[in-house]
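In C-alpha cells below, several structures.
Paired with subunit B in one complex and with subunit C in the other, subunit A is shared by the two complexes that follow.
Presenting the complex of A and B:
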C-alpha cells in the first residue's frame, strides 16, 4: 500500500508543476547610446523618422513592414520620447529611445511579441548613406532621400547580433482619424506586459503601445473611493497572493492600498491617480471609464468634469466618457442630473444611445460591421467604437470594410500598424 | 515551478481515500492480468470489448477565464476493441452537449515482462461546439491528431498503474463569433499531455479508473469560445474518473 501512496504522490508532484511565463523587459544599457556626447533628437528629426517602412532583414520576427511613430511620456519638466515600431507580424512591436551622436542617429530599445514571451534587445544606427543628413537637417526639402535604418536584435538580455533593416516607404496614414483604445489602460496582465493592467504604469505606456486612448475599469471601495480594477473579486489573476479574498467592494481603500499588490508589484490606483497620469504624463486624447459598479455615479461624473477641465486648461483636447455597459448602469446614469449633457459611451442599443444622448455607441465586434447603423450614428453627430478586436485579420477587415471611428483592443500595436500603414 | 495541484487538497484526498477504500477488497484477489479489466493499461486485450463511462474535470487557467475559475466537467465514454493479438481500436467521446469531442484510433501494446507493459498508438479527433450566451452566438470545430506512447506497471492485488504521453496536434480550427470568422493562428503542434492512471477493482465485476492528466497546450478544445490569442502553452489540469463496465 505504501508503494501506491508513494507513486501517487510522486506523480502528482511531477505533473502538477505549472510553468510560470514571464517576458521581462531586457536591460537596454548601451555604452555608445549613453555616451556623454550623445544628445536628444530634435522635434524635426523625430518627425522625419516617422513613416511606414519595409523590412528586409528580420522579417521572420517582425514581418515585412512596420509603422514607426513617436510618443512621449512627460514627468514634470522631463519628457521622454519613444519611437515605437508597430510591426505587421502579429503582435510584435519595438520600443526605442533615440539620440544623436555626431552625425549619426542611434536608436536603442527592445522588441516584444505580445502573444508569447519572445523579447530581446534592439539597436539601430543611421549613418552616412542612410539619409541621416536629411533627418538631421533642420530644413524640410521636398525630396525625401532613401532612409535606411539598420541594426541588430537579439533574444533576452543577450547582446543583439541578428541583423534587421528597414527602408522608408511612405508617410503614416492619418487621413481619417481613428481612436486606438487600449483595453484596461494599455493591455492585459495575462499578456505579460511590463506593468499590470489598470495601473498608472500601464497608462503611461499606452501611447508607446500604439494607443491614442484607453479604457479603464472603475469600481468603488467600501469607503467609496473609485479605483481601477477589472474583476469582481480579489484573485490570483490580478494580485500577488496575500490571503485576501472576496469582492473588492468589501475592502476600504486603506486596506487595499496597504495590503494588496498587483502582479507586477503596483498598488491598485485610484481613478484620480489614473486621470492625473492621463492628463499630466501622456498625450492620450480619450478615456473610456468602464463602469463596473452599480450605485450612484456622481463621483465618477465629478471626476470626469474635473479632469476634462484640467486638460482643457492645459490646452489639451481630452475626451473622457462614462461607460454604460448594461441596463443597471444605464438606470443609474439616467439618475444623474443633466445626464443628456454628460459625455458617455453606450454599449447597448441605438435606442439607448438616443435616450442618453451618448457621444459614442460601442457595439461588440461580434455583431458585425453594422455599416448602416454606424452611418446613422454619424448622421446624428455621434461616433461609433467597436470592442474588443484582437485578431489582426479582423482588425484589418474592420478598417477596410467598416466605418467605425475607434477600435478597442488588447493589442493596440496591431491596430496602430493597420491604421498607420493604410494606403 | 509551482506544485499547484497539491494546493487543491480535494484531489489528493480523493485519490488517497479511494486507494484506502479498496485496498481491503483488492487484498483478497489476485487475478492474472488476462482476467483483469483495463482501459489505460497498455497490455494486449484478452476480451473483445472493454467499455468505460465516467467524467473528466478540467480546470481552465485564469489567463483564459479571467475572474472566473472554471472546472469544466465532461461526460466520458471510452471503448476499446481487440482487433489483433496486440492491437486494439480505441474510441472515446467527451461530451458536454454544447461542445463535444470524438476520437478514434489504434493502439499496439505488448508485455515486456510479467509486470511491465508498453504501448503506442495514434488517435484522430473531431470537436465541435455551439454557444449562445449573453448575446454571443459562437460556433467552432476542429480536428486533432494525438500520437501517444504509454508504459504500465502491474502491482499485486490487481492494481494497474499507467503513464501515457500524448503529442497534441490541432488542425483546421474554425471558430465563428456571430457571422464573423475568428481567425487565430494556432500552432499545429500545440503541445503535449501526460496522464497517470490507476485502475483497480471497484465493486462487483467493475473496475475503477482514477487519473490525472496534465495538458500543456496553446489550444485546448474546450476553450474555443474564449477565442484566446496566446501563443504559449498553458497548463490545464484534468481529473479523470471512470467506471470500467
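Presenting the complex of A and C:
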C-alpha cells in the first residue's frame, strides 16, 4: 500500500509544474535594413502604402486579407513610424518599420498571433514591378498601379523563409469615424504582449496594435497617488512575486515604486506618467479613465483638466473621460463641482447618463445592439461605446448591424481590421 | 502553481489512497470497531524551510531567510474507524528577506500566514499517521521600507504531513511531524519539521 502513496506523491511532483507560456518579440535585426544607405520613408510613401490588401501566400497564418496602417511613437524630436498589418485571421498582426534602399522599399518587423504564442520575423521587399515607382514618386497620380508586397516570415528568431505576398485592393475605410479603444492601455498581460497591461510601455504601443484610444484603470495608493492597476490586489498575474500581498491601497507610492515590478519588468505607473505618455508620445485621441476606487475623485478630475489643456496647447484633439462603472463611483462623481460639465463615460443606465450629462454611454456588449437607445444618445448629442468585444464574429456583427461610435476590446487589431476593411 | 481543480484532484486521490489503505487491517494501529470516540489536540512547534527564490526577486538583491518558525494547533476527531477528521490553524512565516532597492535603500519584507485547514488523517503504522487537507491561508505581508505597511490576503491552499508519536500515557503522546504547507499565492510551499505533543482530552 505504501506504493499507492508513492505513486500519488510522484504524480504530484510530475504534474505540479505550471507551464510557462511566452511569446517574446523576435530579434528583428536585418543587415540590409540597417544599411547606412537606407533612409526613412517619406510621408507620401507611407500614405500610399496604407490600404486593404488581399493575401495570396501565407493565408494559413494571416488569413485572406489585411488592413495596413501606419502609426507613430514620438520621443522628443525623434519619431518612429510603424506599419501595422491587421489581419483577418483571429487575432494576427504584423508590425514593421519601413525604409527606402535605392529604389526598393524594405519593411522589417515581426508577426504575432495573440490567441496563442505564435510569433516570428517578417521581412518584406517592394521592388521593380511591385508598384514601388508609384510609391516613391512624390506626386499623386490618379491611377494606382498594382502594388504587391512580397516577403518572408518565420517562427521565433529563425531567419524567415516562408513566403508571404499581399496585393493592394482598396483604400482603408474611414467614412464613419470609430473609436477603437484598447483595454488596459493596449492589451492584457495574459495575452503575452511585449509590455504589461496598464503601463507607459503598452500605452506607447497601443496605436501599433490598432487603437485610437485607450482604457486605463485608476487606483490610489495609501498616500493618495493615482496609479494604474487593474486587479483588486497585488498578485502574480500582474507582478513579479515579492512577498507583497493584498490591496494596492495598503501600500504607499514609494513602496510600490521601489519594490514592485510588473510581469515584463515595468514599474506601476502613476496616472500622470500615463497621461504624459499619451500626450507627448502617441497620436491617441481618447482616454477612458476606468475609476477603480471609491472616495474623492477630485485628483482624477484635476489630472483630466490638466492633460486635456496640455493636449489642446499642442493642437491635439484629445478627449479624456472619467469612467463611472457603478453606483458608488456615481455618488462620488456627483459630489464633484460642476459635474455636469465634466467629460465622463457612464456604464450605467441611460437615466444616469442624463443625470451626469455624460459625453458617452457605455453598455456591456451582452446587452445587445440596442440600436434605438444608441440613436437616442446620438439625438442628445452623446456617443455610445460598447465593451468588451473580442470575438471577431461579434465585432463584425456590431459593425454591420450596430450604431456604436466606439468599441472597447482586448484585441484592438481585430477591431481595426474589421473597421478599416469595411466596404 | 497548482490551480483549484488540480488541488481537488490530488485531494481526492489522497482520500482514495487513504480509504483503501485504511481498510487493510494488517498495517493499521487499530483493528476492529471499538465504539469509542475521542478528540485529540496536537500542539506543534518547529521550523519551516521555504525552498524557492520565487518570492524574492533578484532586482531587490534579497538576503533571503528561508528557515522560519512554524507553530500549529490541530484538533482531530477520532471515531471508531480509521479516517479521522479535524481542523488545523497556527501562525507561520513562509519567508522573509532583507532588500536593497535600486537607490541603495534598505528594507525588509516578511510573508506570514495563518492557516485555516480542514484535515483528514489515517494511521498507516502503529504511532505513525498521515495528515492532509485543503483550506485557506490568511497571508500577511509585513513591510518595512519607506515606512511600514501591513496587508492581508486570503489564499487557497493545502497541507500534507506525516507524524510519528510515542505515547507517554493513555492520553498524552509526544513526537515529531514533517509537513508541507502550501498557499497558492506563495507559488511554492514551505517544508516544516516540528516537535509535537498530543493530548486526548475528551473521550466518550
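Criterion: the second predicted complex is superposed on the first by the 416 of 423 C-alpha atoms of A that agree within 3 Å, B and C clash if a C-alpha of one lies under 4 Å from a C-alpha of the other, contacts with A are read in each partner's own complex, and residues count from 1 in each chain.
In the analysis below, contacts are C-beta pairs under 8 Å (C-beta built on N, C-alpha and C of every residue); 3 or more make two chains touch, one makes a residue touch a chain.
Predicted, not measured: the structure shown is a model, and the values here were computed from it.
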Quiz item: Counting only touches as set out at the top, which of subunit B and subunit C does A:78 meet: first, second, both, neither?
Solution: neither
Quiz item: So which one touches more of the residues on subunit A, subunit B or subunit C?
Solution: B
Self-check item: First, second, both or neither for A:233, with subunit B first and subunit C second
Solution: both
Quiz item: Regarding the shared-chain residue A:372, is it in contact with subunit B (first), subunit C (second), both, or neither?
Solution: neither
Exercise. Pick one for A:22: touches subunit B only (first), subunit C only (second), both, or neither.
Key: neither
Quiz item: After superposition on the shared chain, which partner residues are touched by A:222: those of subunit B (first), subunit C (second), both, or neither?
Solution: second
Quiz item: Touching A:393 in the superposition: subunit B (first), subunit C (second), both, neither?
Solution: first
Quiz item: With the two structures laid over each other on chain A, which partner does A:102 touch: subunit B (first), subunit C (second), both, or neither?
Solution: neither
Exercise. Using the touch definition from the top, say if A:117 reaches subunit B (first), subunit C (second), both or neither.
Key: first
Quiz item: Is A:31 in contact with subunit B, with subunit C, with both, or with neither (first, second, both, neither)?
Solution: neither
Exercise. For subunit A, give the residues common to its interface with subunit B and its interface with subunit C.
Key: 1, 4-5, 8, 11-12, 15-16, 18, 233, 235-236
Quiz item: Which residues of subunit C touch subunit A in their complex?
Solution: 1-2, 6, 10, 13-14, 17, 20-21, 24, 27, 54-57, 59-60, 95-97, 99, 101-103, 105, 107, 109-111, 124, 130, 139-141, 143, 145-147, 149-153, 155, 185-187
Self-check item: Interface residues, subunit A side, partner subunit B - complex
Solution: 1, 3-5, 7-9, 11-13, 15-21, 90-91, 113, 115-117, 190, 230-233, 235-237, 364-368, 390-391, 393-394, 410-411
Quiz prompt | Of all residues in subunit A, those that touch subunit C in their complex | solution = 1-2, 4-5, 8, 11-12, 15-16, 18, 222, 233-236, 240-247, 250-252, 254-255, 258-259, 261
Quiz prompt | subunit B residues touching subunit A - in the complex, by the definition given at the top | solution = 1-6, 11-12, 15-16, 19, 23, 62-63, 66-67, 69, 135-138, 155, 159, 161, 163, 177-180, 182-185, 194, 196, 198, 212, 214, 216, 227, 229-233, 235, 237
